[in-house]
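The following pair of complexes shares a single chain, chain A, combined with chain B in the former and chain C in the latter.
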Partner chain A sequence: MTDRVVQTSKRSKQAARIADAASGGIRMILLKIVLLGIVDAIAVYALFVLALSDEWLIASLVAVVTLVVNWIYFSKRKLPAKYLTPGVLFLIVFQIFVIGYTGYIGFTNYSTGHNSDKAQAIDALMSSARERVPDSPTYKVTIVENLEGLGMLVTAPDGEVSVGSSEHPLSSVRNATMDGDKAVAVDGYTSLSFQDVLQRQGDIVGLEVPFSDDPNDGSLRTPDGSSAYVYTSSLVYDEQAGTMTDASSGTVYSDTGTGAFTSSDGEELLPGWRITVGFDNFARAFTEDSIREPLINVTIWTIVFALLSVASTFFLGLFLAIVFNDKRMKGRKFYRIAMILPYAFPAFLSALVWAGMLSESFGFVNQVLLGGASIPWLTDPFLAKVSILFVNLWLGFPYMFLVATGALQSIPDDVVEAATVDGAKPWQVFRLIKMPLLLVTMAPILISSFAFNFNNFNLIYMLTGGGPRDAAASVNVGATDILISMVYKVAFTGQLRDYGLASAFTIIIFILVATISIVSFRQTKALEELN
Partner chain B sequence: MTTVLSRTGEPITDKRPFSFGRWFGRTGWRHIVGVAMVLFSVLPLLYVLSSSLNPSGTLTGSNALFSAVGLDAYVRLVTDPTQPFMAWFGNTLLIASITAVATVFLGALAAYSFSRMRFTGRRFGLLTIVLVQMFPQLLAVVAIFLLMSSISDWFPAIGLNTHIGLIMVYMGGALGVNTYLMYGFFNTIPQDIDEAAKIDGAGHARIFFTIILRLVAPILAVVGLLSFIGTTNEFVVASILLIDPEKQTLAVGLYKLVSNPNYADWSAFSAGAVIAALPVMALFLFLQKYIVGGLTAGAVK
Partner chain C sequence: MKVKTRSIITAGALAATVGLALVGCSSDNGDGGDGANNSTTALTVWVDAERVDALKDVAAAYKDKTGIEVKLVSKDTAKIKDDFLQQVPTGKGPDITMGAHDWLGELVTNGVVSPIELADKEGDFLEVAYAASTYEGKQYMLPYAVENIALLRNADLVPEAVGTFDEMIAAGTAAGVTPFVVQQGPESDPYHLYPFQTSFGAPVFSSDENGYDVSDLQIGNAGGIEYANWLAAQGAAGTINTEVTGDIAKEQFTTGQAAFWLTGPWNVGAALDAGINVAVDPIVTPGAEAAQPFAGVKGFFLSEQSKNKVAANDFLVNYLATEDVQTALFESGNVLPALASAADAASNDPIVGGFRLVGMDAVPMPASPAMGAVWQFWGIAEAAILNGADPAATWEKLAADVQGALDK
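Now for the complex of A and B:
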């Protein structure tokens, strides 16, 4: 580049630059218009979809954000915003919004049995309790489809033709094409061929078309795609009273404000619906013994685990850094590369490999290193904790070694020399001079390492799965679970997915983490570096 | 802070005759520590390599290191129709690469504006990024899942069970520690360069794309690689958002492959681990001096 510059004269160079900048400017503007055009097109599409499903709040949010983005990029100023907007948008949606949303969920009963609104819960209840009405007439059916999905074109025994789908109850039609006494096609819908019916049998058997908006009227189902039968629910919904009555047993279930229809003796009909329960989840976490005990144990173990992990990796790393920081020693490069291999190996794989090596009856450690012992490394509550700390030492010491070596080499030689001249012994030099200097540089790293281990989900989940399980606890939690793995298990594994309780745990953890971080940041004054 | 690169200092030449005791006292014992640590570090890796070459498949069969050598496990892993390993591998490479590139890009944009521009809310912005990081994304996983499942009600193309959706969630963490690392590095590039370019008529975008990005290439490589490794290792969000086996990543797929190591096809898993780890480790060792420099500048593992 410089060669060419030298050859051209000063003026032509300047002219070339101006031309270059100008053409770059036009290209930039074109690129900007194209990119913004794409963004706007997507936004308009999103607005249509959202408006169709009546999500006006979200639609208006999308509109506002799109307008702001356009305004930022077309304005002459707003320079920092142009650079910050893309990252900040993602940050707001997937970090800040979800934090707030977690807070909201923590105050609801959102869980497997309570994951929709009341109307959907009523539909689901009635639908699951539906049975075929004995001796009901046969309705002739043609399966039809439109953009919204499958529907039924129904010819009633009295010859009346109507069409409907699972979301739209039957409504009569006049202009249907008849084949004998059966309607086979109607405007606005495509009739499915016999082959299509065979192929999509699963969907068709599950298709249920209600007679009217009142769920008590029952609905039509077709086992074969050509004739349908009337199904009514054994539950009767009374909209005025807001109660569900079981027609066969006569039990009345009413909405008692717990997010489910509940009978007088406390029996709940599930699915229920989502309601705000206030501090119930937190109250459960702190008062219900079968939750509180494991929560306290898990919290203590999380802190102990994070502290011991940081301490063990730090001291081993520091020790190694001191050992290998001797220039007279040969082959240091080789040792160093061998020792950072665990850091380069993907961490989730390490945990899985160690899980195999520590296996009680077949693992490498018991079978080969310990000559056929059967030590329950991962299944005994205490040994499992030891194993986790040991494996985390293997995973984490290379990082500390690298960082400590860097910190050690950044200590100026003359400081050490001065101390030696003053008569300090090597150990004194280390303890009184090197160590404090090291700690100053390493404190932020130790804190972030603590924070990392506090949420070191992969290690725990892949090595022990949190186990061995605590049988006394009412939530799925084990001896080695840390807070984050407990949240994951409460929310996503097992029969009952309790999102509300898991979010309440999350908030508790957040308060804990924030307190610890603020206190430690205050102490190290790491934030002072910001300017 | 200086890097930890080994300095090529020659050992001080000793005129005195060789004495084992003195040698041992100075550096000999260090070699003992070194050999012990090398064994500790490398043994599990040798074990994986050995069991991946073991045709038998069981955990017990893997214990005698390198007793049998063959590529059966690799063949089994790649051809078994019940576990789409190649799809996992491709997905992971795709997702991790896109996430890395996008993270670097978004992070660099933000770092540039924080480093070069003075605007109201700058300090607040920097602080917010630090504070938000205190609440790891991992913790909000329930909310992320519910948010994505409502997004898929309206836009199935970017909701649950899509790679775009997962990458978007990862983008939420693009500003953060990465921005900090880059911000520090950007600050070390003299502002004079920008000013010279400005006088020559270059706009801010031109300065950013053609000058700054080239000068900060080392830190971009570090952040990109750390993000790549981080995404490869990510399990929680991927396991929740990706449902179909063919859509999943290595972390999710391989975990399921050996969720009970006693009964799993251990050799096939090891083969998968070797294939998954080799590119990452090669990249790591190749770029290690940059990474070490980046780490000591205050990164987090």
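Now for the complex of A and C:
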């Protein structure tokens, strides 16, 4: 027995090899080489670019991926890998990485004020703490250099010329060469041209020349290499202790692990930096007032909205599919095309158009269809929900109609015939034969449609913006807000972005949708076994 | 074996995509340019798509003058701010980006912009432009254009300018059309109603020479209550209607069905194209004080992580702040230049001049992130009042809610 298995597998392998070689031919091999050559050329170019910009991690990834791809496609076997590789790569780049990154952000404090790393936060704090001494003049500057390093040749507005460097405070010089009213050169120093200055921008922007021996007088800095101003700093950074000190009040701000320099009484200096905060965002999602208060209502409405949307579109789509599937119906093709139209328009555009049509005193519905009635379609909490469901029905039924038509047509006629011969009435045929068969194909679509509507941000945002809001409530959540639009409002109100909180919420929503979907899929399986 | 060919092609396409995507992730780096390694310095400037052409000549002229190349990158206006916020910390953002002054709070709080020093040129700019480009007493933006709303009048319907709000309604009614439209929505539009609010002496925050004091909320003062009462009366009379969205207001005015339209320069083109005889008037005041609309100021920001700060500062302060360049930018966008001398020249045009006259009273829109707390309650309260809620109680609740959100 085992011998035979081995033999067969050997033989089949052999056969596969022969088939491979026979089918390939010289043209195939050439094509293969050309295509892989293109891939490799792009990869090599990518490697150059990446190496030049010091992106070693990504560069090594590109190199490894390229090698693996070459190995797979030049190998004579690895047939499954040849089919799987492209899909797996796409999966990694566009799915796993994105989901993983979102998950990671959910555990950080990434938000307005916590946008970068600590070193950059210190840079930014120091540069915004620098204050120009009030009423101090503009000094004309020539950047000069000697063996000790860079310095400034400074001409004060009153014509006095002095020179200094970061170690030596300004001191007067007499014998400077003048160009108009600006000193451009002095003995003992080489003057830098504008081009030279551009080559050393980093050094020059960082160059600080003390104004006098007293550090409280501040120091000269030049932002553009030709004029300098006297600055003092309101913050002092102590690199050893890692603390910031407010020069005027003496308050010490230290890194207390909250992602920002914090004083002893809890005051934070912003910008701070990004840190991981564990489950803080998840805790906030359930404890913050502006979220907790409306959470239950919004969750209920989200589920109701998603369920009703799926149910209404499914039944309308199915009904129309059955009607248009009847052979006695004339001009079915024409009707079917007309039926698809709402599906062909971009959904967010349709939602905007509907928002205009449902406007209370200017909308087409009230003005023309209802002869000037003033029904608050979008501004009454209940009617707004009805409008949302109606518009979603309009948007969604063509899809269900399409799928149901396909599913109906795939039901063999003989099954129906057999039932009829057995004496089943049309309703019985539909209920007992067609419906169960339909559900087998349509159940996964209903589930995915539920998941889609659960996060149908476009529709809500474009049609009502989540409104109408209850002016009496103190939270920024409206009657038609679903979870995802509420998250958007909470995490991105005005200029305060909270990516961490938003990511945490997406994880929570994912868990909700996944649970509901898994339970439904179990049910579907039971359905399949039934048949 | 067709399938196999296909799979190879797919693999090729895939590897190409992955490769390009990965390169794309990093290729911006080259633009930043490490001054020490390159013989010529290049500045990368993000520009919103509409302004690229205007800046092309400016960039070329700057290169002729200094040898510094300015690489313009056209960006989608809606994405510039977020991209800038995300890319600067990675060190791969641009040296300079175009933007609007109300981003300042967010940009500064995130530490992605560097202060710039205008020094003696401060006075060369329109006062509101200079004020708008500072945040907490420090200047971060080089302004190039100022926008504010003003009252458009259909001069064929109402030939003479009017003084007060009630006169405006009377004049419009006498002309036999809808007297006045202003962009609103289900949640009102506090931006467009702000001049009316300030005419009752109720700004959002108090302000001094350092800008707004966001810890001193003024919205709920006595003037605010007075304004709320006035707003309730307008809602009852139907002169300000939350049903009038921007599109409806535009349609009413451009088809001659409305006599006055409170809107910004961005809508003037549409009215002129529709053949309306447009006059730009000062905003009528329902209250005792000046009507102060919000000014929106456009400008350029310097990245905190730029490696070319000397060149960038030179480009901003010594070049973009000159009359020729500001005029060139004006000609492409027809928005009032921020530099006073260029603004004077541009004001010869009656439309631009009209907006400038109104802009004399304009105040910069507060750039603080704290404004988010204000916006989320402001419009909903105004909409409620317009639609018949008790004005004083609603307004007091607004002030309390905003204060609560600010204290959080």
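General observations
Just so it is clear, the second predicted complex is superposed on the first by the 305 of 531 C-alpha atoms of A that agree within 3 Å, B and C clash if a C-alpha of one lies under 4 Å from a C-alpha of the other, contacts with A are read in each partner's own complex, and residues count from 1 in each chain.
One rule holds for everything that comes next: a residue touches a chain if its C-beta (ideal position, glycine included) is under 8 Å from a C-beta of that chain, and two chains touch if they have at least 3 such contacts.
A quick note: this is a predicted structure, and the numbers were derived from the prediction, not measured.
Contacts of A:448 after superposition: chain B is touched, whereas chain C is not reached. When both complexes are overlaid on chain A, the residue A:28 reaches chain B and chain C alike. When both complexes are overlaid on chain A, the residue A:93 reaches chain B and chain C alike. Touch criterion met: A:368 reaches chain B, while chain C stays clear of it.
Chain A is touched at more residues by one of its partners, and among chain B and chain C that partner is B.
In the superposition on chain A, A:55 makes contact with both chain B and chain C. After overlaying the two complexes on the shared chain, residue contacts for A:101 are found with chain B alone; chain C is out of touch.
Contact with chain B, but none with chain C, is seen for A:462 once the two complexes are overlaid on the shared chain. Using the contact criterion defined above for the overlaid structures, shared-chain residue A:357 touches chain B, although it does not reach chain C.
Of the two partner chains placed by the overlay, only chain B lies in contact with A:348; chain C stays clear of it. Where the contact sets of chain A with chain B and with chain C meet, they give residues 24, 28, 46, 49-50, 53, 55, 82-83, 86, 90, 93, 356, 359, 361-362, 465.
Taken in their complex, chain C has these residues touching chain A: 1, 4-5, 7-16, 18-23, 25-27, 29-30, 35-36, 41, 66-68, 85-86, 88-89, 102-103, 105-106, 108-112, 114-117, 119-120, 136, 138, 186-187, 241, 243-245, 247-248, 304-305, 307-311, 313-314, 317-318, 368-369, 371-373, 375-377, 380-381, 383-384, 389, 394, 397, 401, 404.
For chain A in complex with chain B, the touching residues are 17-18, 21, 24-25, 28, 46, 49-50, 53, 55, 79-80, 82-84, 86-88, 90-91, 93-99, 101-102, 105, 110, 320, 323-324, 326-333, 335-350, 352-357, 359, 361-364, 367-368, 394, 396, 398-399, 402-403, 405-407, 409-410, 441, 444-445, 448-449, 451-452, 455, 457-458, 461-462, 465, 484, 487-488, 491-492, 499, 502-503, 506, 509-510, 513-514, 517, 527, 530-531. On the chain B side of its complex with chain A, the touching residues are 1-4, 6-7, 9, 11-12, 26-27, 30-31, 33-34, 37-38, 40-42, 44-45, 47-48, 58-60, 62-64, 106-107, 109-110, 112-113, 117, 119, 122-123, 125-127, 129-130, 132, 134-147, 153-155, 168-169, 171-175, 177, 179, 200-206, 208, 229, 232-233, 235-236, 239-240, 251, 254-255, 258-259, 261-262, 266, 269-270, 273, 276-277, 280-281, 284-285, 288, 292, 295-296, 298, 300-301. Listing the residues of chain A that touch chain C in their complex gives 23-24, 28, 31-32, 35-36, 38-39, 42-43, 45-46, 49-50, 52-53, 55, 58, 61-62, 65-66, 69, 73, 82-83, 85-86, 89-90, 93, 112-113, 115-117, 120-121, 123-125, 127-128, 130-132, 138, 194-195, 197-202, 204-205, 222-227, 229, 270-271, 356, 359-362, 378-379, 464-465, 467-469, 471-472, 474, 476, 489, 493-497.
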